[in-house]
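You will see subunit A twice below: alongside subunit B first, and alongside subunit C after that.
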Partner chain A sequence: MRYVASRLGYGLLLLLGVSILSFLLADLSPGDATAEMRLNPRISPGAVAALRVRYGLDRPLPVRYVRWLRSVASGELGWSVAFDAPVGPLLWRRAGNTLVLAVTAMILAWIVAVPAGVWAAARQGSWGDRLGLAASAVLLAVSELVLALLGLALAASTGLLPAGGMASLDYDALGGWGRARDLAAHLALPAVVLALSAFPVVHRHVRAAVAEALESPFVQAARGNGIPRRRLLWRHALPAAAKPLVSLLGLSIAGLLSGSVLVEVILSWPGLGPLLLQAILARDLHVVVGAILLSSVFLVLGNLVADLLLYWVDPRVRGT
Partner chain B sequence: MIRGVITRGVITSRRVSLALAAGFLALLYLGALGAGFLAPYGFDEQDREHTYAPPVRLRFRDGGGRLHLRPFLYIGVEKPGAPGVYEEDRARAFPVRFLVPAPPGRTGARVRLFGVEEPARIFLLGTDRFGRDQLSRLLYGARISLFSGLLAAGLAVALGLLAGAVAGFRGGWLDQVLMRTSELFLALPWLYLLLAVRAVLPLDLAPSGSFLLLVAVLGAVGWARPARLVRGAVLSARGRDYVLAAQGFGGSDGYVLRRHVLPQAVGVALTQLALLVPQYVLAEVAMSFLGLGVAEPVPSWGTMLAELERYDVLISYQWMLWPAVLLTGVVLSYHTLAEHIRERLQAGEV
Partner chain C sequence: MPENRQPAEAVNPLEVRDLSVCYRGVHGEWAPVVEEIGFAIGPGEALGLLGESGCGKTTTALAIPGLLPANGRVVRGSVRLDGRELVGLSERQLEGVRGAGIGLVAQEPALALNPVIRVGEQVAEVVRVHRRLPWRRCREEAARALAEMGFADPGRIFASYPHQLSGGERQRVTIARALVCQPPVVIADEPTASLDTAVSVEILALLRDLVERHRLALLLISHDPRVLAAIAGRVVVMRAGRIVEQGPREEVFRQPRHPYTESLLRRLTPPTPTDGADPGSGEPLLLDVRGLRKTYTLRRPFGAKRAVDALAGVDLAVGASARLALVGRSGSGKSTLVRCLALLEEPDGGEIRLGGQDLVALPRRQRAAVRPGLQLVFQDPAAALNPRFSALDAVEEPMRLQKMEDRRQRALELMEQVGLPPALASRPVPRLSGGQKRRLLLARALATRPRVLFLDEPFTGLDLPLQTQIAALLLDLQASYRFALVLVSHDLDLAGSLAGEVAVLDGGRIVERAAPADLLRRPRHPASRELVDAARTLQGKMDGVVE
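Coming up: the complex of A and B.
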């Protein structure tokens, strides 16, 4: 329990740090949302000043930070000047969509990559292994951007899958089952693209970790005792190799979130990525800070889940 | 015996892949530097008669069946009523000329490697929406995309060396502050961080300004990982006998750091560099793709790919995908290089 508490405390400290960092960054910005209004001759300087007072832009930095923290605590996360609405509700919807995409992609990638990696580790140097390594090397070099473009081309030219968006036009008219199918059809392409970009890293780590475990004396001993190969691989080698893999699970969330920005923009998935881009172009800094903060919340949560999983999987962690 | 043959086979294939990777990169960087000479047109030269023209066909055999040593081409004419469909006008052949004088302009080169006589156009890789030559734009775009990656990675590793050396050598509160800050930077998804930093900077800039800005932003965001690795190398070097001896002889901090400690971190820094460059090339392409990097008409591989966001363009005009192909090749080559450097280092340490 102390282990969990310390991980949680660390995560919270990290979030506080991220919030200060991103707020400072936002403050360094040469202009704010009222900058363009000031250039507009039809808006009087007095009106701009009144707006600045209303949004609290005239207060000193620490005051604004504390005010913003208070609005974070209430779930508002500040005020979006471009949407003229609290940031929180804007973000929740988008963040949910990003989460659906990222989690689906992660599950897909791991479901394929773990067996492939274990299989490759058991047959190191074989043609199948080399082929797998070559394929993952190529996949590693293809950016999510290119993968998403190829996916878009495939969808648009074959017409098998919807080429973007999250729902069909008649989504509201569909029943429960129809809605689920519609969502799955729209989710398939971005999730597969994202999973393909996450696959090579997982594949290589699983292969390396299991290969190392296979070399260890206890696996050799187990083999000497005549334990069948399949059981040896899945029951003995894989759990012993789990530690770096579970850490990777936590760390890979950062990569998935970064990759999903591009995939979301190209395949018009209404997640955090397009919103963030829009907010940057509109200089809507509270939305930017909110999106960054939320992405780091995902990360902290992901790492926490990974830590808990590790606690469950690996008795060596429980001992300390 | 058989084992030896196999390992030898692996080694030669590694050598070959290394040579291929290095050769490909050298070719591209040289192509980017020599864009003024190699590109048949300027990057912003438009030809509204030839929008989305497919790659031109170079021919050696004329209508009478005679073989020519010098390749020639016909003018492509857009079919009336069918936009994007081009037919060759066989009335007149235009031979490809080499070392043609370049029109005076800002490219600086007085001679171009090849070209054809007007009104024919030589579009070896087709044209884009404004009838701009894709080959020329690829070469000029490589300047932005490849060199921003190189410069930014250099900056990030330099900052990382500085921070890591200071943190590892000085220790104490400075070490604490630097390492906690680096954890913060590592905790965020890099693209979000990049977008955040970009968000607070001006949006409309001259191309050279936005290029430098992008390099600075990328470099500033990426210092954390090299810094941590360098710090580790510095820490392990600091306790070695020869370092203690140098300090005992009265060597100043700066001298000991420069002469005895930092050389231990060179390998780490080099591997990081080879890994960061492709990541930053990708980052530049992503930023320009999203409209936050260099702006039109200056080409970057990212702005060139941005046209493909319209999927009708993507399906109908496949030659627009060349930046994606080259980009993948660049990343693959750098990964091969990084792998090789790492293997060398490991072999050297044993």
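Coming up: the complex of A and C.
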């Protein structure tokens, strides 16, 4: 467990570096949160200057950074100029929504892609395999944007699913079960779109890794002792092929928060995506930095989870 | 085909009749690999299948339990297990036969066990699959089978992963897996090819024991007549897919009727030094190694470090035209030593003087300039050659790196000298035979005109005729290119027949150095004695049969 602690330590250092870089880069780009007000003739220059003083925008960069660090320590994560509220609570709620969407999509993608990949590896070159490959190639080529728009059009024209948002207007009036159903209905479209875009990568990785493991001498040797095909696939080939898959899983955890930005914006899912877009347009620096930091946290966590999983999956890594 | 089922007493456990196997080539044509072979094995009998690499031995072993690759097919003949025809059974039916009716002992124990499953589970699962017992009972059966393999602590073995076991232990596990369901027939394809001599002798003794105790019908496949002599009662000799001779071991080994059999049985002929130079006496010193140390630190991601001394202070002097063999058990430090000497591995201490210059102290950049003079020929030619290269590319590559002139011309000459005709120059590496790849490796190593040529297990997996050819080739090359030859081997017989001198390694030190004949006659160090004993046991079996 000392290992985990040291990894987390490195993670903290990484976050510090990321935050400094984001501050520096944001400072290099012209304008700040008051830039648009200054163009507005109805707001006096004095009022703008007062605002700048109030939000501390007139102070030099290091001072602003240290102030921000202090507010991070208190859990506020800085102050959003656009919302006139601390960034922390703002981010938490949105990040929670994004996680609900992204985790659902990820589970969906893996639950379908792993069996499909194993199945394809066992029947390489068959029609089913070729069909799967073609489908994943198409999905790989079509961008999330098109998928999301397609989904939107479908939902709008059939009316089967709500075409956006996370809850119906009468959500608060619903009971526990009703709320769950309402959420599921809203979740379905963006989750499926996201899962579809994640599917081909997982499918192809699983197929390639299992196909390679099937060729290995130990699978052949097990076959020579009468281990049936199905067991060879699931008990012998898949665990032996787990290494690249675990790394892929780690990467996809790292991308959980950032992968869904586009889909969220188009399908108006109230996650980090729309917030981030708004914050960038409004030059709401602390919100942007906060979102970037959250993504970095997931990067660190994803890698850690992958390493721990690998430790659990592969006895050679345990090195006992 | 006669369909009369005979009573079990009269039927041999395994009967192969008129079996022919074809492989489909890259262009869709079918080529025969095994033609009209037939033999029978009775209960408690071990049949040896002898032949050079590529003669169809392994194909036979795969065809019997229906394990041919997708491009292989049994085109004719019959395989009967206790009277039951196996040819034409469905995959599902064959799954029931494999493991329960025919046990398979794999060639390469290091690769035959799943690295991520405890070995006990891998044995138990065979029981589970065939007998459908509850897991607890399966584990008991597996533990029983492992206990029979002569482990001191079968409990530890059961709970181990393959990487925690030695080569010999792994091979015992695969034998246990093959036998756990008590099949009447066991097929062992080169079960000792990757093990050192002492361990091979143990494994063969174990197999012989098991054949007697369980009245097994064993098909033992090897290119090495010494291995067959150790247990096989009868021997079948295969060549180019056909059986050229079969009969009782004594008959075949004493009076081989076929000249091919004779060539397989000849011992590796001790070569006569062509220039009459007596290695080691009065010739200039080329390589002078003093106190060479190398420690590996095994770092676990979640735990403590562990240090392993691979080399614990090696002193070694090699003359300019020496032929020195480094022998020792696996794990004695042989491979680490040559890798350090070839500058592929950084030693932790000591000196390597080449012509007076200490290479260990040299800065990295200058060391690169010395490296072409020290060439290592790797053990596995298939792994040491880039599969995307043609044969000529492989030889040209080092010259290209050294910016030498007339590369193409020289590469062709080198290939010619190692016995590869120019017609092979454009052939992709994967389409060369095992022997051709070895020759190609030699040509590549000689391309930079090395002063020392290191060979790591140059004879592993080669049959005797090929071993003899390669040994003779090495001597020829040494005479014309003038390099010092340092070879690593775990087979004392082979090493001794080529080398002028043998150094025995044990625990990362050189414990004895002597002429091969002297070492075989009077080994002084316990480690040497162990090697000599193992070699004697194996060769003695052979001699006992032949005399």
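Keep in mind that, in the parts below, the second predicted complex is superposed on the first by the 298 of 320 C-alpha atoms of A that agree within 3 Å, B and C clash if a C-alpha of one lies under 4 Å from a C-alpha of the other, contacts with A are read in each partner's own complex, and residues count from 1 in each chain.
Here is the rule we go by: a contact is a pair of C-beta atoms (placed from the backbone, for glycine too) under 8 Å apart; a residue touches a chain by one contact, two chains touch by 3 or more.
Keep in mind it's a predicted model, so treat the numbers as computed, not measured.
Engineer: If we overlay the two complexes on their shared chain A, which of subunit B and subunit C does A:247 touch? Say first, second, both or neither.
Structural biologist: Once the two structures are laid over each other on A, A:247 reaches no partner at all.
Engineer: On the A-aligned overlay, A:218 touches which partner chain: subunit B = first, subunit C = second, or both, or neither?
Structural biologist: In the superposition, A:218 contacts subunit C only.
Engineer: Please determine whether it is subunit B or subunit C that touches the greater number of subunit A residues.
Structural biologist: With both complexes superposed on chain A, more residues of subunit A are touched by B.
Engineer: By the touch definition at the top of the document, which applies to A:229: first (subunit B), second (subunit C), both, or neither?
Structural biologist: A:229: touches subunit C, not subunit B.
Engineer: I'd like to know which partner A:146 touches here: subunit B for first, subunit C for second, both or neither.
Structural biologist: In the superposition, A:146 touches subunit B alone.
Engineer: Considering the complex alone, what residue numbers of subunit A touch subunit C?
Structural biologist: Residue list for subunit A touching subunit C: 3, 216-229, 231, 235-236, 239-240, 242, 307, 311, 313-320.
Engineer: Quick one: in the complex, what on subunit C touches subunit A?
Structural biologist: The contact residues of subunit C facing subunit A are 65, 67, 91-92, 95-100, 103-104, 106, 108, 111-118, 122, 125-126, 129-130, 161, 163-164, 174, 177-178, 298, 300-303.
Engineer: Which of the residues in subunit B come into contact with subunit A in the complex?
Structural biologist: 180, 183-184, 187-193, 195-203, 278, 282, 285-286, 289-292, 305, 308-309, 311-312, 314-315, 321, 324, 327-329, 331-332, 335
Engineer: Can you list the residues on subunit A that touch subunit B in the complex?
Structural biologist: Residues in contact with subunit B: 14, 17-18, 21-22, 25-26, 28-31, 137-138, 140-143, 145-146, 149, 152-153, 156-157, 163, 254-255, 257-259, 261-262, 265-266, 276-277, 279-281, 283, 285, 288-289, 291-292, 295-296, 299-300.
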